[in-house]
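Read through the structure below, which is laid out as structure tokens, and then see the notes.
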């Protein structure tokens, strides 16, 4: 419980002057894209051209996934209860936990831990899949509830390929897909979360930031849903829950 | 943006000593009920016996209302996304806005504004109902989506009656019910929110605290739902939204 | 992603009739205290007289702890940003995480795991303290930043004692205090979180509910702070953070 | 409380295919910037080149403002309490209310209401400033706590100018600045919120989306602060509140 001065290294504020990681905000506004700014503020340095384009593709890829994700339900439910726009967005962000949007983080963690080991990606991937099996862990970032093949994965890797951008994590990620198919006897393709996990890992981002990229990406989608709820629906309409039955104690008396 | 010392008058903390509104916390633990403590911390003084019993009945009355309220959906959705217990409870509280749980506040506001006017309750109520009609406002705290007659209203007023507790707001509230029935030609009975609004107004609480009493009351219910979700359901199950269709633009090309 | 009917066993709602765990809400309002209702809705059964009194003391004990806890900062900061009462309360609940208010949960977990082992409390406690030392874990629920001796602990155990209420967890808890003092060479007394953890464990509550009891208890305090902020302070006043310095990159140019 | 199918027009999901406002997500990833995607998802159509560049400058402009904004305090406090990254971000978003980040919304509302009136901008602005004075309203989006001249305003208008992008709202905004200076006798310059309000109004966005643009813009900053708190600070450190005194009741006895 010390009152000592603490340190922050993100943005410097002086009267009439704002600099983000050392760069004047007016220069940033003039010369950087939003995606480059995200990279800068989290990494501390400017991205290469390839990194800038990939970061943009990442942030665009998960901008919305329709009305079914639970975070949309969170945002719409808060809005429907008669609350402000920021509360509705906070409600959506609050839902994005380990089971929803958490795969980037978990997938990146595994890739980052295994990528430091010696060996070529194929051998590592094979060993990793055996380890997952023995630990009964489902590899996060692979497979999807709705998409057999996630179109966003192919596009993200295509862009990386075109730009000649690849590293140990992307290679490991692709090797895991092959090893999973071989050992499971059926394909369990990389989904967008797994692909993002591989790319941000090659960019050198800490896996603990994984959920953060997803949240930045999904924010415009949550905003669009909040706005639709605000302008197209009545308050307190029935959004859920789906049909349920009471199975608790029967009527009884106190005493 | 001043750094001057500011004031707080709720709880005094010294090493080994805690006092709430001047009362030693160990005395409060020994002698006061939770309901009396709620009254004390918000009002600054101890309640009478009647006020203590009524405050308890108020806090108990809204402890839960099954799985349908949107705040339950908020809590369960956050929990289902793979989040912590406190995040799930925060998610439920976040939903309790103007359209859900907001009736106590709005009803108390109207009663507190009208109770200061001259005239007997019946005359005031008649005037109030005419004003509501001309302003096209639905009187908050009257009528219920599910209950034709809210059993909690009758019980709360019965307890107040037994204890001989009544004041201008309770009288005005009952008069409004009569005036509404007379002018609408059909009953629009006081619901539990309206009854609570009347009682806390007679206790002298600011209407702006209305939602707070509802939230304290509903907290154990939200906790019970969070715990059920945690222990009986799988993460990311489908809780909502109810069936929807896409009616946005058809497929098209960029450029 | 099934749409099948799911089950809930908390509250049954029918037109004009509400029952909590089988008990009619009007009976609950008439005959049960708020503390008894909390016990009922989470446990499914009515508490004994001793359990009712202890549950009340628990819920009262942590009702507020002045302006310093981070949850108060959370609530006041949200209110100060120009938000609604429920958003401010949600903001406070959101702060109550593993490092703030999390000790009940963690302490109860350890006690519940060790209480199932064979042996008398003193021997178990000695073994537990050795284990904590070897794992370099600080026993949660013991020691306090401000109070050398937590007055709430003594009172809670005094009430339990007066009511003849004790069980294996309370005994283990007291034995841990002795073992810690003996092995550390200086006292590390049970704080209110540790005491609550022991009592709710003897009541048979799952440790995963620990944070929930704390949140219910603290809600009136957060409400009082939100109301003070709303009525005594201007929006956007400086609440924090305490003094800081920028230590990020110096001014530089893009390109 | 209808269970009828409801409509959403944002994103269409089919197995293996995702389209945002009709555009295939893989095309969007390939061809659009994040800023263009934000415009698209909220407006339903693609922006012009000028609009795309301005939207990017808007989203970059408010990416962070150092450690003092209350939303940073909210995010850091939630993180410091021992919570997940998404809860910390939600905590920050929750703080962004009417008094913090609310100026874009309020400023855009006034500009959009006045821009529909007849008359040239200078005459309208003069009338508007008189009206503000008579209503004792401070024009939102003008003046700043720290910056006498907000460098982001000049840059945003410079970009608009270079691109030949201007409309009735930008003109009105600049005329208000002149009218305020003339009538107040001292400058009250447009701040970044006012400038953003003018530009999004000329783009045709509903003022009710104002806070949304600010939140999207600020998200990377909140993430950077959450990450700094996670990696550079200990849990439960003292972030606030600034010095306070207790001024409540003195010690007293119950009964």
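Note that the chains are named A, B, C and D in the order they appear, and that numbering of residues resets to 1 at the start of each chain.
The definition used in the following text is that a residue touches a chain if its C-beta (ideal position, glycine included) is under 8 Å from a C-beta of that chain, and two chains touch if they have at least 3 such contacts.
This is a predicted model, so every value here is computed, not measured.
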Could you work out which chain's C-alpha centre is the most distant one from the centre of subunit C?
D
Given over half shared residue numbers means same and under half means different, the subunit C/subunit D interface is same
Quick one: report the Å distance separating subunit B from subunit C, using the average Cα coordinate of each chain.
23
Taking the mean of the C-alpha atoms as each chain's centre, how many Å separate subunit A from subunit B?
37
Chain centre separation in whole Å, for subunit D relative to subunit B (CA means):
32
Among the residues of subunit B, pick out those that touch two or more other chains and give their numbers.
1, 3, 6-13, 24, 28, 32, 66-68, 83-84, 86-87, 90-91, 94-98, 101, 238, 241-242, 244, 246
In their shared complex, at which residues does subunit A touch subunit B?
66-68, 70-74, 76-78, 80-83, 87, 90-91, 94-102, 235-236, 238-242, 244, 246
Subunit C partner, complex, touching residues on subunit A are 1, 3-13, 19, 21-24, 27-28, 31-32, 44, 46, 83-84, 86-87, 90, 94, 145, 241-255
Subunit D-facing residues of subunit A, complex
1-3, 6-13, 15-18, 20, 24-26, 28-30, 32-35, 37-38, 41-42, 56-57, 59-61, 63-68, 84-87, 89-91, 93-98, 101, 146-152, 154-156, 159, 206, 208-209, 211-212, 215-216, 219-221, 223-228, 230-233, 237-238
